[in-house]
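One chain, subunit A, appears in both complexes that follow, with subunit B as partner in the first and subunit C in the second.
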Partner chain A sequence: MSATIDLPGFADPARDAQRAFRAVLAAMAEPGSLRMAGDDLIAPAPLAPATAAVLLTLVDGDMSLAMDAATYPAHPWVIFHCGTTLTEPAKARFIVALDCPDLSTLPSGSDEAPEESSTLILQVRALGSGTPYCLSGPGLRSPMILRADGLPADFAAHWAANHALFPRGIDIILCAGATLVALPRSMTVENA
Partner chain B sequence: MDAAADPPSPGLTERQRWMAVLARANAAELAALLETVPPLPAYRRLRGPESGLVMLRGRTGGAGAAFNLGEMTVTRCTVRTDDGLTGHAYVAGRDARQAELAALVDALLQDATRHSAVQQAVINPLAEAQQRRRERDGRKAAATRVDFFALATMRATP
Partner chain C sequence: MKGYNFAYLDEQTKRMIRRAILKAVAIPGHQIPFGSREIPLPYGWGTGGIQVTAAILGADDRLKVIDQGADDTTNAVSIRRFFARTADVATTTKTADATVIQTRHRIPETALRDGQIIVYQVPQPEPMYRLEPSRVETRRMHALADYGLMHVKLYEDIARLGHIGISYDYPVMVNARYLMAPSPIPAFDNPKMHMMPALQLFGAGREKRIYAVPPYTEVRSLDFVDHPFHPARAPHACGLCGAGDSYLDEVLTDDRGGRLFVCSDTDYCETRRADGQVGAEGVPVGMPGGAVEATQ
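Showing the complex of A and B:
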């Protein structure tokens, strides 16, 4: 493990984690809005700075984390800096993926405890450009267009099934470069 | 924390031994000894030095149920040298410089080409000084020792 960590985490852990937390909070409160996170962080490949910043901010030893195989080179860095171990997606509260997994296989909580669902941190190629999606729902005064490059072609259909589970369901944080966008389970996402 | 702690017990790995010595050294000692082993590789900090609290656990009578004894201030640091070696250090107290130097020495000691030089120049003198301090404190304490005899121990003593 020690042979493969060669990058530091946040330069100023308390301040940087608070800034990233604020970004995630604002993104969740206003779905579809682009927020900056991790802009001064050097992330381990293949993670984007925003993905790494979200992990450093939200994951610690008390949280279960799963990462897909494509992120393998970054695993030692995440394990060391977050102080956590990796588990399988079916047991994880946070899931990091470069390819969107089947949302129906991830823990979506129960009707008694919907907060026990997992949050998917999905890294995409770009945000603000690419395929347009129409978002509407709580937090948005009027429907808006989100452009994202790298989501699967049938994402809107998968999301509709996830949205239908409400109050259960997966929340997604989309990350690309140093920007992130949140898609809480309460959102309606349609192809625009 | 001073060197009056327990002597290193057998069964520790070599790395645990040198980490124990480094954890009991202070920053000034470490810096002075490190100057005798040039040239040092450049390094960068991967984490810290940062201070935090560690919960110490104890067992009643040494064997009973575990309980939380209290919290202790600990400073940790991880560095990576340009040679690609990673050194870790956890030291008692809040001396960030000590933690950083101890992590650096931990990394140097993992380098086969430097190990013996660093071991002789840094670890051995520190270990001897700590051993002397421990013996001196032991003698001071032994001079004021009082044996209490209870009836049971008097009977057991011939």
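Showing the complex of A and C:
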């Protein structure tokens, strides 16, 4: 535990967080596009550098965070560097996970405040290779193919139920190594 | 700049604004409440736009700031200098060279491209505020996508005036879901928002709202089949550069009725004149009385 907590966060918090945020923003604006984040960060196991960078960039004491069992060994580092407290997924605004949770159990906001939904930071084995998914929606001039390794087999069906809630719904940031991809709720995702 | 964090705002404030921006991009056209901070200039001078710009700006960005299309007005100059001092960011007046463009009430004439971000300063984010003063009610109307009130307003304009009497801040439907105020840009600029390659972010400081339109997103100006949306433009060519396609400002030149129509977008006008285009009342660049090359 102490070995994990001893790992540093961003070397230059203001500038490194800005670079990581712009990667997430570009990913959210162009869903399916691969962006780099956290490439110079030493992430605590089992978190990937991109996962750790997204947490440092977006989560703080104002936000509740849930970690699934697989990411739990990194919790001392996350609590120390983000200054956040852990809660259960059904109450969390941010969820970090290695195994994709049931999206329907996560807060999806209300009709009047759809922004009060959770953001799922989902670490997968690889992005850019693996199962192909066809993405279309705002941000994309034409449909594009996203390849991701490590999503559940029935992900497209689960996502369709999430997308049907629009404007409510969960937004996902997929992370693998130092790359990330965003799936805002506005996206249509189909098996390609 | 000593004594201030990079880009003026503290990191916790930036994280709060960044979370709002991400949700805004995920829900195109929906207004996200945020904890607007005090900024060293008055409300109404771009405090919302400045906070959004401060949250996204990085050392490798190149910032352009325009006020009604002009790079050289007081508001544009002071905001550009604010970020040059607090974020040590490179600045430009060239639309094509900028990575981030903060704007008050115009979209540049030069088409924006992939990867650019345009930040609008918004005085009133609620498109229905003149029709329904209660925010509780308008939130409910947005939740239900109940925009009949706005259609009635447009219909009454047509019944009284024969046309829709809105020339700026013309309401748009974003992604066929949310009614959105495009900020007080002229209706002439509305078509530029449709399927724009650049990311569009909107910040309203006094009203404490952030909203966004992702790239390549449908943005339709409200209209009727028999009264289609018609962007208005003064029927003249720019007196200085001769452009027949740009939005024009009318400038009074004397007290005997003299007037001059010039491009509102100063960069567009200067670029055209530098390329040798001369309007009816212009002087070629480099000639006595002619324009000098714009300097930062």
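The rule is simple: the second predicted complex is superposed on the first by the 188 of 192 C-alpha atoms of A that agree within 3 Å, B and C clash if a C-alpha of one lies under 4 Å from a C-alpha of the other, contacts with A are read in each partner's own complex, and residues count from 1 in each chain.
Throughout what follows, a contact is a pair of C-beta atoms (placed from the backbone, for glycine too) under 8 Å apart; a residue touches a chain by one contact, two chains touch by 3 or more.
Values in this document were obtained by computation on a predicted structure and should not be read as measured data.
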item	value
Clash or fit, subunit B versus subunit C on superposed subunit A	fit
Touched partner set for A:His81, first subunit B, second subunit C, both or neither	first
Contacts of A:Thr119 with subunit B and subunit C, given as first, second, both or neither	second
Which superposed partner A:Ser186 touches (first subunit B, second subunit C, both, neither)	second
Superposed arrangement, angle subtended at the Cα centre of subunit A by subunit B and subunit C, nearest 10 degrees	90
First (subunit B), second (subunit C), both or neither touched by A:Gly9	first
If touched residues of subunit A are counted for subunit B and for subunit C, the larger one	C
Which superposed partner A:Glu30 touches (first subunit B, second subunit C, both, neither)	second
Overlay on shared chain A, then closest C-alpha pair between subunit B and subunit C (Å)	9
Contact residues of subunit A, present in both the subunit B and the subunit C interface	13
Touching residues on subunit B, where the partner in the complex is subunit A	44-47, 50, 78, 80, 84, 86, 88
Residues on subunit A engaged by subunit B in the complex (per definition of touch)	2-3, 5-9, 13, 80-81
Interface residues, subunit C side, partner subunit A - complex	5-7, 11-12, 14-16, 18-28, 30, 32-33, 55-59, 115, 139-140, 142-144, 175, 177-178, 195, 197, 199, 214-218
Subunit A residues touching subunit C - in the complex, by the definition given at the top	13-15, 17-19, 21-22, 24-26, 28-30, 57-60, 62-63, 110-115, 117, 119, 138-141, 166-167, 171, 184-186
